[in-house]
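You will see chain A twice below: alongside chain B first, and alongside chain C after that.
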Partner chain A sequence: MLNLLNKSKSILIPALRNTTVRSTHDAVKEATPLVEVAAPTPPLILPQNWSQYEPVNRSLARQVWIENIDAIPERKLGLIELHPDVFATQPRVDVIQENVEWQRKYRYVSFAHTKTRAEVRGGGRKPWPQKGMGRARHGSIRSPLFRGGGVAHGPRSPTTHFYMLPFFKRVMGLTATLSVKLAQDDLHIIDSVDVPTRDPEFFKELIKERNWGPSVLIVDKDDIFPENICYATDALGYVNLMPSYGLNIYSMLKHDTLVLTVNAVKHIEERLLYQMNRTDATAKGGKFKLDQV
Partner chain B sequence: MAHLRESAEKALKMLRTLPRVQLSNIRPNPNSKKNTKRGRAQHSGDKHGAGNKGSGQRQNYMRLGYETGNNPFYLRFPYEPYYKGHHLRRQYPPISLLQLQVLLDTNRIDSKQPIDITTLCNSGLLRLQPASMEYGFQLTDEGIDRFKAKICIEVQHAKESVIAAIERNGGVIRTAYYDPRSLQAMVNPSKWFEKGVPIPKRLLPPQDAVEYYTSAKNRGYLADPEEISKERLVLAQKYGYELPRIEDDPDYEMLISQKDARQIFYGLEPGWVIGLKDKLIIKSKSLPEEQANREEKS
Partner chain C sequence: MASIKNLLQLCKGTQYFLQFSNNQKCLLSLAAVRQSSYLSSPPVAPREEYPEVEIVQNAPEWKYVERLMPQKIIPKPIEKPEYPSGWKPQTAASLPDLKYFVARTKNHMVPVYLHTTFRGQRRITVIRRIQGDIWELERELRVVVEKARNGKLCASRVNEMSGQIHFHGDYVDVIREYLKEKGF
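Up next, the complex of A and B:
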């Protein structure tokens, strides 16, 4: 694999055809003399071949730097191509809003409760005779008309607000949010999630140095992260770790910066492209049934 | 689709200069949210849009179709004979040759395999509802001029010109009958196999369909193969094309593959039980009828 990358002919991205391993290494030496780079690795140029889901127009594929997380100053380790149908779709802010609203509401249970006229204590007897009093006619002192009476159409506890947003709206929400993040320079891609220290200061410095938004969401493929990063981010409430299966629109918007590992990017792309190109879409897009075998 | 691409690119470019999209600055589409609160007081309250007295306020409406006493429209006509028995007639939902061509070109259907109802339903784009008296697909002639695929297809009805179009390209077309129970199995095989029921025998066509399926002109599955070859020549002469020799075709084996009259699935015989989970086929030993059949064949 390394030999393959050493030959300039095999570099598929036109812009990088003239670069070689050596030139990258020199650039690193010139830019940051203080950084302790372990060993010069060849550039991680990852032109993606989406075998089944080839984009209609290859030139619309986005190319994003792969950055390092093992030191505070930024180093570009390579390049990755991102599928336009996932990272360069129409930024449907209305669909994003629907997804956020759904994420907020579907779990929400309202515990607000009022008593009806039947539940309010008392009010069984007719307060005064029907006729002859010169007063309005009433049957019970706890009717909604009365002060202290029951509430006619009040909240009844517990009230669920569960509903399912149509499946493909949720898929579209994910692709739209990823596109928005990339377009607004809030998406960064790192090679791996290995951090040198357990010190939370490392992250604080890193975020400040690289001008990442104060809150950062770090997404990797697996749900088991290395020790160091877990300890480092535990102390910081605004830097959070997430496996790629937990990726959701609310979290992506809540955190200013989204940081994905290369593995996470590949997994997310593969899953989203599968869902967007599945042939049994009609079955999936139908009414959501709660109890299904 | 070019304009959609361009608008997406333009929108993403605009976003670069706009503030960061956050939870605090997104809002729903205009007019998508309706006020769910109950009206109070002067507006929407008091009579709550029900007006004064009458059936409107008292929810005591006249029945649907009632015309305040005169003979209503829905009772004026005692019977409509033109729809008599329509609920019992067999229906054949159409597939145009154009649709078929598109499916083949976009790799939704493999032209290197024989095509039948199961293939068409598995593509996910065509649905058949045997319960609604749908007995299979019919091939229509829309897009006949642009049809250029060589396929082995089995439908339930096809016009002469459609048969010609398929045979002209070196393909093979047959019309076959499937009874509703077999159709139910064919339309969603995996769901049907989950029942664990042995594959049934396909029944023979009803009286009024026998003539159609035994005639070589219609390429019926019960027709004599000799007759069918003759009719192929006749059709070629009628429509003025040279009949390609399928014997010389590299896909000859696939093109001549035909199901038995009692067979529902390619490669599977009636009486077999398919175990999807364990990927097994269970064939019965005990039934004397089947044993006899097997002995006959061997």
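Up next, the complex of A and C:
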């Protein structure tokens, strides 16, 4: 009993967190804990000074907590500043809708097919003479006027629905969606993507504990993730990993929670800010040329 | 193969030399070298055969080359008390209580445009990039535009979702000056 009291008091005092006096029984119990108390590290404060892309109003920059992913209970590891032109823009819902529509349609190929009057079997002969029958004049029994005839302007397979949304609308869509995610508390930032176990239960409990949405999208800068997180998320269909170059509006809206690493945030910010401030914007936003640089 | 190529080069070289006088020869020989084609130019020899060149890292003269090269990112405008074009930098960003905000474009211009359709017969003034209470801004701009029309009513259209206001007619200068005065 006394031992327990001593232990709790020492954990409360931060400096003494790692210097508890324990009995052998307690030592055995805590020899293999599910989660180890990490050594106290200094907070990861990351104020950004965007030298090339100075925001119009510095006070509009958003400060977001950097959280941990190495344990189930949430721990705030530090703060990061986010550029307002990427994470605090106007939520252009119309542009977001256009982007989602584009992402759905540009890959779609319609395989609906109908036969024209030339393709329908038969109908090569004039069914009755032009004059004298008292009937309407016809040239073939498979014309679109006839039952069983061909379709005049029907679908022809395969039909592509490819089109490219203007480049800067796609850029604006990304910034608008990121701003919306942040404003609706669906954006979390983690320091790195290192997870302690390969167990998918870890993620299930983490999501439940921290009240993250049912589906989570984890974005890191590189496309190679550590082993543990790959195994853990493989089993779960609603937790997905993505490199920062694969970030898209459809995925961000499909998954309830968006989790970015600090490296991913810096990469995304740098790329989007460059695209929003480039001098050759008119050349870039010009006509789309297929298969050309 | 190489000998044939050399012969060809010699032939092409002598052509120019034989036809013209001495002065023109020198100029043309230079011109011939500058306008040479791939097959007529000599192949690249090892570095030892060429005259000595001093390679300087981070030369101080490089800045004169750099300032001529095109910039990749739009630079910040040079700060001056007044600009002869009438352009003013945005000052409203630092104001505390704003009911609405009109952001500048990436080239630091006020986002007021003229859309002409029907062979110039329909002219519509468009104000984009509006955030906040767009209806309040529309009421204020309507006063300004109606004053410019000597009291006549003006037709306007507000698109809250995309943050745009349209006015019938060409009131670009009027609206731009008004927004600049407000500090946007």
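Note that in this section the second predicted complex is superposed on the first by the 256 of 293 C-alpha atoms of A that agree within 3 Å, B and C clash if a C-alpha of one lies under 4 Å from a C-alpha of the other, contacts with A are read in each partner's own complex, and residues count from 1 in each chain.
As a working rule, a residue touches a chain if its C-beta (ideal position, glycine included) is under 8 Å from a C-beta of that chain, and two chains touch if they have at least 3 such contacts.
Every value quoted in this text rests on a predicted model; they were computed, and no experiment measured them.
Look at chain A after the overlay: chain B and chain C clash there.
When the two structures are aligned on the shared chain, A:Asn277 is found in touch with chain C, with no touch to chain B. Which of chain B and chain C touches more residues of chain A: that partner is B. Look at A:Glu54: by the touch rule set out above, it reaches chain C but stays clear of chain B.
Of the two partner chains, chain B is the only one touched by A:Ala183; chain C is not.
Judged by the touch definition given at the top, the superposed model places A:Phe162 against neither chain B nor chain C.
Of the two partner chains placed by superposition, A:Trp128 touches none, neither chain B nor chain C. Shared-chain residue A:Ala88: touches chain B; no touch with chain C.
Of the two partner chains placed by the overlay, neither chain B nor chain C lies in contact with A:Tyr106. Contacts of A:Lys254 after superposition on the shared chain: chain B is touched, whereas chain C is not.
For the superposition on chain A, the stretches of chain C under consideration are 5-13, 41-49 or 77-85; the one running into chain B is 77-85.
Of the residues of chain A, those at positions 56-57, 90, 93-94, 279-281 touch chain B in one of the two structures and chain C in the other. Against chain A, the residues of chain C that register as touching in their complex are 70-74, 76, 90, 93-94, 103-104, 106, 131, 161-163. Residues 52-54, 56-57, 90, 92-95, 274, 276-281 of chain A touch chain C in their complex. Those residues of chain B that touch chain A in the shared complex are 1, 4-5, 7-9, 11-13, 15-16, 18, 20-23, 26-29, 32, 38, 108, 123-125, 127.
Within the complex formed with chain B, the chain A residues making contact are 56-57, 60, 88-91, 93-94, 96-98, 100-101, 153, 179-180, 183-186, 213, 250, 253-254, 256, 279-283.
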